[in-house]
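Structures for review follow.
One chain, chain A, links the two complexes that follow: it is found with chain B in the first and with chain C in the second.
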Partner chain A sequence: MKILLMGHPNVGKSVFFNRLTGANVIESNYSGTTVDYTRGYMSLDGKEVEVVDVPGTFSLDPKDRAEEVAVAMLKEAKDAYVICVIDSSKLERGLYLALQIMEEGYSVIIALNMDDVAEDKNIKIDNQKLEQVLGVPVVSTIAIENIGISKVISRLKDAKPVDVEDITVMRAGMNHCGRCGRT
Partner chain B sequence: MEKRLNELNFDEEGTVKEIDESLLRQVAGMGVRIGKNVRMTTKQPMKGPVVVEIDKSFTSLGRSMAEKIVVEVKK
Partner chain C sequence: MKLNPDERWDLIDSIARHVVTYGEYRHTLKDAIGELTVKPMTGLPIAIAVMYCFWSVFGSFAGTLCTDGFFVKLFDGYWLPWLQEVFPGKGGWIYSILIDAGGMTNGEFILSDNCFEAFGVLTSGLFVAIGVVLPAIVIFYLMLTLLEDIGYMPRLAVLIDTVLHKIGLHGYAIVPTILSLGCNVPAVTATRILETRKQRFIMMTLLAIFIPCGAQLGIMEEVIPDLIGYVLLYLVIGYFIFGFILNRIVPGKSPEILIDVPQYQKPMMTNVRRKLWMRVSSFFKVAVPFVLLGCVVVNVLYLVGFIQWLGDLLAPVFVGWFGVPKETAGPLIAAFLRKDLAVAQLSVIEMTQYQMLSAVVLVSIYFPCVATFAMMLKEGWKELIGSVAVLTVVVFLYGGIIHLIGKLLGVA
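Take a look at the complex of A and B:
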């Protein structure tokens, strides 16, 4: 089993990685700190599981070297679990990438990281509703304070491939297609 | 009134109306899509990038990208 940490640049994937594996990858408050990937191991139910810290990418259409690495990593690990780390205060654009990954048929779990930052900005997210709409587990986390990480792990087993066609945008009350940007 | 995104003045708001086909997918992942409200927050000097606010978060775009995005300016 393999777990990929994916998400936009500067959402806390590396912090997540360090918390999961006990490693000490450089974390910084800049986009693009991770240009290459890092591999680590954690134990899950007594088994050793590989965790990969993938460079940040905005979408699965790569625009630069780091994004190419990210997309290639995803493509070569077809049966991997993907923890999609999203900045809670920038939920909407994060979901764009999450949906792209789900569309490729991966088992996705969404970690709404930086919950504290979102709270500061007065953003409240209805996780249950989001989970209902998307059909994948959604967990709020604050990775730097180690909050919610164990919950993500315990819900990994609920992650399964979903058919994105089943996600009706209307159910979420949105009136345009998030995938292509057209109304 | 229509303007190119890079032509917005500081604090001016608008709705994204047109995005050049070549960038459509590229900027979608950054939150820039047709119908979105944008507000100009910073224009870096020397033809540097522009920073716009969309959905309470900031996105920076290269000047040449911003030129290919048309917005309907709010009065």
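Take a look at the complex of A and C:
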């Protein structure tokens, strides 16, 4: 089993990686700190699992060398689990990458990181609803303070490939949801 | 099933509408500071102040406090005399390599009285590595790490964007540039954040030629404190002139970028400590062996007479074209292994101030150190060959220009 940490630049993938594996890769507060991948190991249910800190990428259509590395990493690990790290205060654009990865058939778990920043900005995300719509586990985290990391680990087993068609159907259902009264 | 970008965005929009609620946004102090540091009117003066602070702290901590205040006293006052005393075989070749090559005056063997002149592996080698370079690297990386973790770097990138576009790069090139001031090796890898091959080539070439590393800055602060400003001025001017030319002649594109400016953050001390340790230790794993090896190689080459021979051979170029003494041949060989060592070696050669200035600039722009060289090879041999070709032209052209400027000013 292999776990890839993916997400936009500067959302905290390297922080996640260090917390998960106890490794030391450089973390900074700017995009493009990680330009190459780093492998590490964590134990999950008594087994050694490989974790890869993948350079940040905005989409699966690479724009620079670091993004090329990211996309190549994903392509060569067909059966990998992907922890998609999203900046909670920028959910929409984070979801774009998450959906792209899901469309490729990977088992995805979403970590809504920097929950504190979103809170500062008064942005609230309904995790349960998001989880229900997407069909993949969604966990709020503040990786830098080690909050939510163990929850991500414990929910890894719930990650499974999802057909985006189900999401679109689900969305159609939500749009016409009589009970909640919203469209 | 796969979606096309429009379908994907539509889907995201409707998901977001259901799961996200936006409260009223309050303008925080963090935002206010964020804006002040990124708008040119206020941002530029702040950037200059930040860089000035960086430089003053670097100089006063590394040079004045640690090196002059402590290590010079320790090494010159105790370590060197003690080793000179207890090590057997004074005047022999092992003694010359490990302790002190000394000098012959009136047929008598005279020991050196400081760790720059001795040039032994255990004297100058250790002194340069621990006494000069260690404090410089520690303080440099401490300040860099703080700037990084606070989130200042992307703001600097925004401010300098326009200028760097003139040399075919963009604001984000400030990241490899500043990293390079610590050590060129990780900076070469950091060029990957640039989009096109053209940009990466220009950046890699410019940093290999014009950006002195932290070790070299530290030693320059120590041995030529009066000249370091001029050296840096020549390097900065060179960086822009040759960047401008490269931008014209290298084929390829230099796209615009969108910079993601993160919120300011309070640096976490655990992270700062860990990062500092990682950078300093990985720097030293590369640096110390090369400094020591450099001492051995240079000493052996002196002993067998190779450097004198090379000096005589290159004398017309050195004296006539660059205007520096032929003895600088030795340091130039050392420079391939370690530039800090080369500057230390230059400092004990008799020459005028302007010759010293020219020689230090030459050591900087001439060949990158071997570790950087290896790193560039890893990024692509075509790029490496290109860079070396550019470098050769630059050394001759710029070295000659510097000599000419000296002549025109009447100081060379």
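One rule holds for everything that comes next: the second predicted complex is superposed on the first by the 169 of 183 C-alpha atoms of A that agree within 3 Å, B and C clash if a C-alpha of one lies under 4 Å from a C-alpha of the other, contacts with A are read in each partner's own complex, and residues count from 1 in each chain.
Keep this in mind: a residue touches a chain if its C-beta (ideal position, glycine included) is under 8 Å from a C-beta of that chain, and two chains touch if they have at least 3 such contacts.
Keep in mind the model is a prediction, meaning the values are calculated, not measured.
Undergrad: Is A:S150 contacted by the first partner chain B, the second partner chain C, both or neither?
TA: Touch partners of A:S150: none, neither chain B nor chain C.
Undergrad: Is the number of chain A residues in contact higher for chain B or for chain C?
TA: The partner making contact with more of chain A's residues is C.
Undergrad: Touching A:R65 in the superposition: chain B (first), chain C (second), both, neither?
TA: The second partner, chain C, only.
Undergrad: Share the list of chain A residues that count as touching for chain B in one structure and for chain C in the other.
TA: 8, 63, 92, 96, 121, 123, 182
Undergrad: Which residues, counting only chain B, touch chain A once they are in their complex?
TA: Contacts found on chain B: 19, 24-26, 28-31, 33-35, 55-57.
Undergrad: So in the complex, which bits of chain A are touching chain B?
TA: The contact residues of chain A facing chain B are 8, 58-59, 61, 63, 87, 89-90, 92-93, 96-97, 121, 123, 176, 178-183.
Undergrad: Residues of chain C touching chain A in their complex?
TA: Per the touch definition, chain C meets chain A at residues 1-3, 8-9, 11-16, 18-26, 28, 145, 148-151, 153-154, 172, 175, 189-190, 192-195, 200, 259-260, 262-263, 265, 268, 271, 274-275, 278-279.
Undergrad: In the complex formed with chain C, which residues of chain A make contact?
TA: On the chain A side, the touching residues are 8-10, 24, 26-33, 35-36, 63-66, 69, 91-92, 95-96, 99-100, 103, 117, 120-127, 129-130, 133-134, 144, 163-165, 167-168, 171, 174-175, 182.
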